[in-house]
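The following pair of complexes shares a single chain, chain A, combined with chain B in the former and chain C in the latter.
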Partner chain A sequence: MSASDHLIPVVVSNVVEVNPIIKRFEFKHVNGDELPAFSGGAHIVVEMLDDGTKRKNPYSLMSSPFERDQYSISVRRDDTGRGGSKFMHEQVQPGMQMKISAPVNLFALDLRARKHLMIAGGIGITPFIAQMAQADKLGVPFELHYAARSVSQAAYMDSLADRFGDHVSCYCDDQGESVDLEMLLSNQPLGTHVYVCGPKGMIERVVETATSLGWPAAHVHFEHFLAPPVGEPFDVHLAKAGIDITVGAEQSLLEAVEASGTPINCMCRGGACGQCETVVVACEGEIMHNDHWLDEEQRAAKQRIMPCVSRFRGKRLELDL
Partner chain B sequence: MTIQFKDESFRGDFTYANSPSNIPRFPFPFPEDEYMYSTNIEPHHAARAGSPFENAFDVDEHYVAEMKDRALVLADDPGRCQALPHMETAGWDFLELVMVSKARDYPDLFKLTMDGDRWHWINKPLQIDDTFTFGDSSTLPCHPMEYIGRQVQGDHAILDQRDGNLWMDAGIITAQADWSLDFDIGMNFFEWHAPVPLAHELGVFQRALKFLLTLPQGQPSRRLNWTLTVNPRLDTSPENYPKWGPDRMTVTPENIGEKVHLRVELQTFWRLPRSNAILFPIRTYLMAMNEVVTQPKWARRIHRVMRDLRPELVEYKGLSRYHPILVEWLSQFDDGAPTSPGIFPD
Partner chain C sequence: MGPATMSESLIEESILSRPTYGTLKIVPGLAHYFLADASGAECVIRVVQELPRDMLEKVHILYVPTPGEAALITSLYALGAKRFEHFPTIEEAVAKLGDWLSDAKMGSQLYLAGTEGLVGQGVAKGEACGLDHTAVQCEHRGSLARRVQCVHCKTMIEDVTTQPVKCPSCDLLLLVRDHYSRRLAAFQGVCINAEDPSEEIEIKEVFK
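On to the complex of A and B.
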């Protein structure tokens, strides 16, 4: 049983080129039904049938949680990635039928917050667009600080400024602007929760600054699901199934297991939710643990692996699947 | 199918009883002759027509009487219904889930008409006909959780999800097996389960929490839990212990068949869409031992389960006082024949 077993058939209702590297995709239910309600910060998994390869990538929903006739996501093109974003940019056209998962939220607003402070980097803006619509409707104060490389790459900044006015601020690298985290995090009212979604370095800076200023850990939230990284191909033995499989360079271990027809649980496909945690029966080599789920001790023990994002290099890897 | 709702009581003269046709649909909780804790969670799919697993929220002949009993408890003790301030969205999620499910599954009893956010709800068995604005609590007579909680059998806890844990931040709890929302409100998953023996050592709660934290929308799960209750009393709360605790002294070999009830909780788990909280319905079914033993398979099996129950569980479930005479009484229905697997009667 996994979230991706219950896919929703949708039709691509619109594709919009937001800027040279970002496209927005809008989906409607093929029957015109309402799509499931969701909460800001939720993502869906989009299934891509790319010339014989089945890819499933998670993308944050950016449409308003209060609109159920369509969903929107934004995809940043990454030519060095596994090909999912390239497929979305090059192959997906309006009218095409696709399948998506029901929404899953691993980056929800803490509804106890007296104020939501949101910090976005680049394409990390998308979950916040839905969250701002939610906070706005609930009448809870919020503030967005959005860092981008340039004005032209600051996707959606204009429309957000129109909708939310002073609640949003943009900082462009090419203008020499940056968020003064120390200042920002020092001047928040009691009961504020901070949320960050963006490049790894940005998340680390926000968490470190907040921690050093004495923010309670429970008030600091970060979206840390990630795209499965590419790597060298490797072989794996699935002990219960009694088969050997090969994980391709641009394929995740999870995708290779699924392609073999072997059952495996999964949900976020980004190393965050813990559903696909798998027992390692034998390991002669090195596991590249790319997840956010296992702790240091578990990683060192080499007895568990998260197949959605982690890879292997070495002589032999045997899994309890 | 039209349901004949019974006029009956869960207190005082205890007129509650199951109709003969209602007995075989009881969610008997023992799939095997031996009982031990497990994280016995399965998908809450529609299963077996006529069983309590057929619909999302089972409605049976006790519906109207149970809702009257709930109203009595709440009038006496408003603390049985509490929601922390951040749980209003979750209350609306709960209301929507119940209304949509019941209108779909029991169209002759419930009707929901949605015109944008303007909703019209008809509950025929309880003679309710209301129009309100979805999401606007000022258009309801009370908190959305209380409004719908008074119209759905079973207790309902709503668990907020944050910091990798679940928090008991709202609930309407009037038919509980000796736990208190007023005491547990605001606690996390490990805190409110702290009193349960054995299960912690088995890692049951770690596994259950991990499962619940990733519970997907649209894919509810269920499990059965059980205990025994003397008299068909729904409200066996700690707050009212003086009213029901002494009942255990009244059990004799002569009255045990009618006094002692198998109390089964059909627990389901639902991811709520707008709040990202988890709805945890705890639906209680009561059946007198006299009724249980009308099904030969159940009679044999319940004798074996009770006879071999671990002492810690006898103590935790509060059965110590009458456990030996119950096992003795049940033994007359057990001829030692094998039983078929699964919970349904033969």
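On to the complex of A and C.
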């Protein structure tokens, strides 16, 4: 059982081209009902029926948690990916009916914080837009530091600066601007929590800098969804179901298990939440662990796999499903 | 925590709420705040004298001496910390810690050493100032005397060494429990003979 088993029927109420690589999609319930409540940082899984292939990709909600009549997400087009973002950009039109999961939050604000320090890179801005609406209404101090490659790619930079004023600082690589993390993280009052969402390198720099300055781990939060990587097709035996399945080149193992009708737990579909952790019964070959969940020891043991993002190369893989 | 640990604390293992303590060790941090009484002074000296000179700029020490004692004040002063101040009571030193921490930044570390009353009040002040519990280290030294709250009239009783103890405010005879409140930095004292107040119970010195 997982959040994406109970999908909500929605209609695409608006599609907005934010810039050449980012589009915003707005969804309303098909019956006009209120959508489920969520908190800033939550994501939904969007189901895409793409010419016989069923994809489910997670996207952070950027709309205000206080507005339940519609949800908004922003999607960055990735032409080298598996095709989910391309489908959203090319196929999804206003008026179209789709299905989405209820929101799940793996990147919530810690409400004990005396101040929220948010650091966004590129499309990683989206969860913070919802979080800032929440922090603003709660009256808790917050600060956003938003870095983008160029002015033209910096989605929502102007509108956020207008809306939240001094709370927002912007940096564009092509203007030679960058966040001085050492300085920023050395000048935060006790009780501050830092949140980072963006490219892997940015998350690593923030976590490393905060740790070396003595920030407690419980005050450092990050979210990094992985798109399931493409790769060579491979076969898997599902021991409980007693069937063999083939995982296609652009399909994830999780998607292949779901397509076979075999029950499997999952939530984020991006290697972060740990829900789909599955026992490996037999493995003759190499597991490409692409997740953020298992530790080095667990990876080396080859007794666990995260089907949402991990793949296999070798003679035989048998899972306890 | 067993008796063979390095901290030289004599605290025995009990219920989960009863705090146990470790051994101070410098960890990475933007600033290092110390609070100790006379029994904990040697812990501060032990870790601070190992630090490279340039790190002393980040060290701030608060001390509560035993009345009349001066040698440890001299030793602590000689460590060369950026700030060193001493106060006659734990209460005043903890209030000063609050002043210092109100200007402190994320990345600050707090080190507490000495009797349980001092350590507990330092922990509570750190938490009240927004320090995460993982940024606070404690080492217990000296007496096992307890700070006890009478749960009936809420009076705080310092340096309790007996079991049971008589509440100086409401006169009830209190069983000193291992049940500890981190918020109050005190053990809970509960009336031991509520059903029959005439019952005589021997008072023994147990927290030495």
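Heads up, the rule we're going with is that the second predicted complex is superposed on the first by the 321 of 321 C-alpha atoms of A that agree within 3 Å, B and C clash if a C-alpha of one lies under 4 Å from a C-alpha of the other, contacts with A are read in each partner's own complex, and residues count from 1 in each chain.
Following the convention adopted for this analysis, a contact is a pair of C-beta atoms (placed from the backbone, for glycine too) under 8 Å apart; a residue touches a chain by one contact, two chains touch by 3 or more.
The structure presented is a predicted model; accordingly, all values stated were derived computationally and were not measured.
S.K.: Under the stated touch criterion, name the partner, chain B or chain C, that contacts more residues in chain A.
M.R.: B
S.K.: Pick one for A:S169: touches chain B only (first), chain C only (second), both, or neither.
M.R.: So A:S169 meets neither chain B nor chain C here.
S.K.: Looking at A:N187, would you say it contacts chain B, chain C, both, or neither? Reply first, second, both or neither.
M.R.: It touches chain C, and chain B stays clear.
S.K.: With both complexes superposed on chain A, which partner does A:A218 reach: first (chain B), second (chain C), both or neither?
M.R.: both
S.K.: Looking at A:Q70, would you say it contacts chain B, chain C, both, or neither? Reply first, second, both or neither.
M.R.: A:Q70 sits against neither chain B nor chain C.
S.K.: Which of the two partners, first being chain B and second being chain C, lies in contact with A:R114: first, second, both, or neither?
M.R.: second
S.K.: Return the residues of chain A at which the contacts from chain B and from chain C coincide.
M.R.: Touching chain B and chain C on chain A: residues 218.
S.K.: Give every residue of chain C touching chain A within the complex, in rising order.
M.R.: 27-30, 101, 104-109, 129-132, 134-135
S.K.: Which stretch or stretches of chain B touch chain A in the complex?
M.R.: 43, 84-87, 89, 93, 96, 160-163, 210, 213-214, 216-219, 273-276
S.K.: Could you pull out which chain A residues touch chain C in their complex?
M.R.: So the residues of chain A in touch with chain C come to 114, 185-192, 210-219.
S.K.: Spell out the part of chain A that touches chain B in their complex, as residue ranges.
M.R.: Residues 1, 3, 6, 36-39, 42, 65, 101-105, 108, 110-112, 138, 218, 267, 273-275 of chain A touch chain B in their complex.
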